[in-house]
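In the two complexes that follow, subunit A is the common piece, with subunit B as its partner first and subunit C second.
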Partner chain A sequence: MSLMKTFLSAGAALAISAVAALAEPGLIIDLGGKFDKSFNESAYNGAKRWVDETGGSYIETELQSEAQREQNMRKMAERDANPIVVLGFANGSTLEKVAPDYPDTSFAIVDMVVDAPNVKSIVFSEHEGSYLVGLIAGMKSETGTVGFVGGMDVPLIRKFACGYAQGVLAANPDAKVISSMTGTTPSAWNDPVKGGELAKAQVSQGADVIYAAAGGTGVGILQAAADEGVFSIGVDSNQNYLHPGSVLTSMLKRVDNAVYEVFSAGAEGFEPGIAVLDLESEGVGYAVDENNEALITDDITAAVDEAKAKIISGEIEVHDYTSDDSCPALTF
Partner chain B sequence: MTKLPPWVDIVVIPLISLLLALIVSGLVIVYIGENPFEAISIMVNGAVGSAYGWGYTLYYATNFIFTGLAVAVAYQARLFNIGGEGQAAIGGLGVALVCLALPWPHWTIALVAATIGGAVFGAAWAAIPAYLQAKRGSHIVITTIMFNFIASALMVYLLVNVLKKPGSMSPETARFPEGAFLPNAYDMFWWLGFSRSAPLNITFFVAILCCVLVYLLIWRTRLGYEIRAFGQSESAAVYAGINPVRITMITMLISGGLAGLMGINAVMGEAERLVTDPVQGAGFVGIAVALMGRNHPVGVFLAGLLFGMLYQGGGELEFEIPAVSREMILVIQALVILFTGALDNMVRMPFEALFSRLRKAEG
Partner chain C sequence: MDLATILAILDATMRSATPLLFACLAGLFSERAGIFDIGLEGKLLISAFFSASIAATTGSVWIGLLAGIASSLVMSGIHGVASITFRGNQLISGVALNFLASGITVVVGESWFGLGGRTPQLEGAARFQPIELPFTGALSGVPVIGPVYAELISGHTILVYLGILAVAMTWWTLYRTRFGLRLRAVGENPESVDTAGVSVLRLRYTAIVITGVLCGLGGAYLSTGLAAGFVKEMSAGRGFIALAALIFAKWRPWYALMACLLFGFLEAVGNRFQNIEFLGINVPTQFMQALPYILTVVILAGFVGKAIPPRAGGQPYVKER
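Presenting the complex of A and B:
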């Protein structure tokens, strides 16, 4: 609402010309809500950063249901938003259908590859970032058992789990990784209660570090870990501040940077094709701030920095689950 | 009671009811701090102000006509079928299976086959509650609503485990083959300004055809007479030799089949693939549409159109003014149902009093 007010007041003060309005970028927030403290919020923060820095405005809409995908995407395009950023793999098939109808509009999709001349596909090397936080988890765990709670059981989330398990085993070859998924439908992205239950079940199996890769569901997982007195690892956004002392670190996936860059490039600077954001380009990483710096000891930092350098140089190759739908370190 | 002139009955009273509903909705919008006139104009413009709006309005109306007819037919036998949601979802499953089964050479053949597929699957989903009602006396309201949940669980199971396109992450089927694409508003009426984006498709005409067929069935055939007689009084119908089990089954099968036909519009016409919830609440809106349309095909058509406008206009409103949430749109729709359906007499009675006074003055 405050955003809309900003628009309205800006509109009243400047009487934005039609030309300026035409160039407004658009952002479609996916299911799970704008303030999921994770994936969507990261995208929103990127858009907000662009607004704060350029003083521009953008069109934003939030999906409420699966069936709105197509209409909202078309509505954005009909409103001449350009470029339009859509979030999440679930939009892939819809975008494949919509993009050819609007050849003059540029689309960017996060987490999915759509092959069309006016689409930029932004994918992240989540397995690399997850490897680093797995390394931290493996070094921090005292029981030798760590947990992973995913959102929807899809190859993308298994990619997180697989990278994480490889990191854990690199730190402690005898460690046990327990993996659970919240569900098989998109509602699994926004089910904090079930996420919390899964986390508690893992704690009862001995897990003392739990990595949540589950969008809005993660809030419940981190809460349960804090309640049970074990460590947790956040995802996508920096979630360290949610439970200082309990959240060990967060696997950063810089969706905010991706959105910011697409918005900044605008329609003129738009480059279609596939963009892979990995460790080297700082598209993924792990978060250290005042909330968790006491937890990350110097030898952990040293080990992680070394692994990071080795991954970038190619010395360590983290297996990507989606490349062959299998994982050497973890069975699902 | 004084009989009102038809133009008052059909035109003036619904319009006044609608106006009252809009005034109250406006007050709600003022309450949340937005400009009601702006909101109403966004809604009206969004629904009927452009070819784009009409494309969506008529698309939604098509869905509501099918589910509304389903409720209306069942209601003629005083069976309250509130399982339209599940029947339409399973109908959509039938449509998808038909579309994916063969590389269809032409959409006309695919449409006929999908129509049969949707109707058979929808009818089959209604058959079990119908049987339980007819033979066991399990109340149809309870069983049909429970079947909605079973349908949604079944859809999720099938899409996640069986029908999911290999390699895809979302629980949805592959896109249908090109021969199963129905002509949409752009293909048929591009000269009216429809863009490629319009989801309105040829199913709209199937819906109109269904309205006509339902009218003929209920008011012009022996079966329709039996259905109505059964609905008016079961004991009298039995006395006249009408088999209650047969009528319950047939009525519910027709009702479920009509709900299932919604699948052609939503699954084959718009999405061109099956997703977990293709119905999106249209089954429940169908109940309101049937009640508002007085369970008559013409009324269902008009009410379906009105709800199509509310739905599309509401979507635009939500898009333009983020403070107006999805739930607010539901409140506005509910107010329209309340005033045009439930509070109809509130407007009607003053008119009847006015006209009886006028007549007395004349006479």
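Presenting the complex of A and C:
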């Protein structure tokens, strides 16, 4: 009899936890790793903030290889996570396939547009944020040559590079922008050794400000810039603290806010469709804190704030590389 | 192309070639003794991890280096026990060790530092710093020689110089010492060595210990010289490129240096010229990135000639049947 009771209560406990699990949101960390100090880490920080504030819990998995995308997404849906946030443009085609199979589950994808009734697509205006940090780079550069090191060579990263180049040229029309890409496979998000070499090659060509838009590879780029005594610009998360005095600023992309909002809205408040996070909604921006405030002079702050206001009002139009796959300011 | 550009590329060549060189010489000792070692990659990786993490916790890169070498030696030991004592398949043992290194570095790293398999960023004495050779200042006024000395020869970390020294030492050991003669013999014809009353097992174990030390140095250079910390899979195939360089060099030390410098040079060129105009045509980035691999295939297929490995390579030695 007591055994029966044990079974029953165990069964009841299971049932309760199953109900509780229904409301748990899920987060799939993309290649490059959870602690890349950049894109993925920003998403993780958003989820953590939600946990700290609500006391809730969420399910998290981390991709180890390209082949796990679909399997991971399906598993997450079958574990009844709702809503599920997937990170990165590379998940687009997989989500297009998976989302219709789980019509009752809500998905949110960052950095890609997927057209399905249960998918929310969150895209950022990286070109606008990059324009602002490009402006800072152009004003700060003494050699008139600045560098850009991207991760994987994809349109999204070219969008960063293109916005950056436009900003640099706005500050100094004679400036030269050198652009390098780490690679053409997802491993390019996590190759700091190569990133460091690319940065050093740019320094030897005269670059004195280098913008890293390369996920985990960026750690090596910022390190090389600090070693060579030039400025660098971080990306996605605030990376100013990594090398105070060398990291000029960071192009913030508030993936954390995006994740936090999706988690907070939950399955009930979920709104499918496209959400564009731009300068106006503070989805992108540049970071100033105690580590770099000495580097950002008042002229620079004034110029950047003016450009920001003009972009928001539409007076300055920053060209978006992904709109027509070309860039007026930079050749790839 | 001016002198500064050429020097910058050659400087990058030295940096990129050094981990390859250590791994290549490591493979040379092992294969000359008749033990194939596919596990160079794994040894580089595990040494990169342990040297970075011990350097991060103790703050001393030298203690880190010792830890890296020790971890690489443990891997060598496992390979030795499996393939020499138990006469297992050397290729399988090597592949298994690669998997082991790839997994264990991330698991241990996560449990020690909680940074997703990374180590903290290394700073100051926890990294190998570039060393300025004497007379750099005195020679700086001399045209050509001044910049060449300052950029190319001076200003590397100590492990780069150690790598070049290791080539000379390897040559001397292999061709000018009794041990070297026996080592080469044990890879070609272990029976004759055994008949002469020399222990085949001891020779092979010694070779594997040297392999472990050299791989340890290469791995430590990766994470504490070239980069400033460990990230998962940071060896990125260098152990396999070193194996290719070894075949290319036909198992000879000075040629190994040349082969590694060539691979390093191709990588440096690929990094430097991502975007160039050539004869009025804009060469795409993708082509420049593929160039090192294309040239590798061309060189290996066209210019190496016949590469004959040590005759007893890959076969466990059985004294009597």
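Everything below uses one rule, namely that the second predicted complex is superposed on the first by the 314 of 332 C-alpha atoms of A that agree within 3 Å, B and C clash if a C-alpha of one lies under 4 Å from a C-alpha of the other, contacts with A are read in each partner's own complex, and residues count from 1 in each chain.
In this section, a residue touches a chain if its C-beta (ideal position, glycine included) is under 8 Å from a C-beta of that chain, and two chains touch if they have at least 3 such contacts.
It should be emphasised that the depicted structure is a prediction, and the values quoted were computed from it without experimental measurement.
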{"item": "Touched partner set for A:G216, first subunit B, second subunit C, both or neither", "value": "second"}
{"item": "Partner chain(s) touched by A:S179 [first = subunit B, second = subunit C, both, neither]", "value": "second"}
{"item": "Which of subunit B and subunit C A:T331 touches, first, second, both or neither", "value": "second"}
{"item": "Partner chain in contact with A:G33 - subunit B first, subunit C second, else both or neither", "value": "second"}
{"item": "Touched partner set for A:D305, first subunit B, second subunit C, both or neither", "value": "neither"}
{"item": "Touched partner set for A:K75, first subunit B, second subunit C, both or neither", "value": "first"}
{"item": "Which superposed partner A:E315 touches (first subunit B, second subunit C, both, neither)", "value": "neither"}
{"item": "Partner chain in contact with A:L242 - subunit B first, subunit C second, else both or neither", "value": "second"}
{"item": "Subunit B versus subunit C as contact partner of A:E197, first or second or both or neither", "value": "second"}
{"item": "Shared subunit A contacts, counted only where both subunit B and subunit C touch the same residue", "value": "62, 184"}
{"item": "Parts of subunit A lying in touch with subunit C, wherever the complex brings them together", "value": "33-36, 62, 153, 178-181, 183-184, 187, 190-194, 196-198, 200-201, 204-205, 216, 219-220, 223, 242, 331-332"}
{"item": "Contact set on subunit B toward subunit A in their complex", "value": "52, 56, 156, 160, 168-172, 175, 195-197, 199, 270-273, 275-278, 280, 315-316, 319, 321-323, 326"}
{"item": "In the complex with subunit B, residue positions of subunit A that touch it", "value": "1, 3-4, 60-62, 64-68, 70-72, 74-75, 77-78, 89-90, 92-93, 97-98, 101, 112, 154-156, 184-186"}
{"item": "Subunit C to subunit A touching residues, read off their complex", "value": "4-5, 8, 11-12, 15-16, 115-118, 121, 222, 226-229, 231-234, 236, 267-268, 271-272, 274-275, 282, 285-286, 289"}
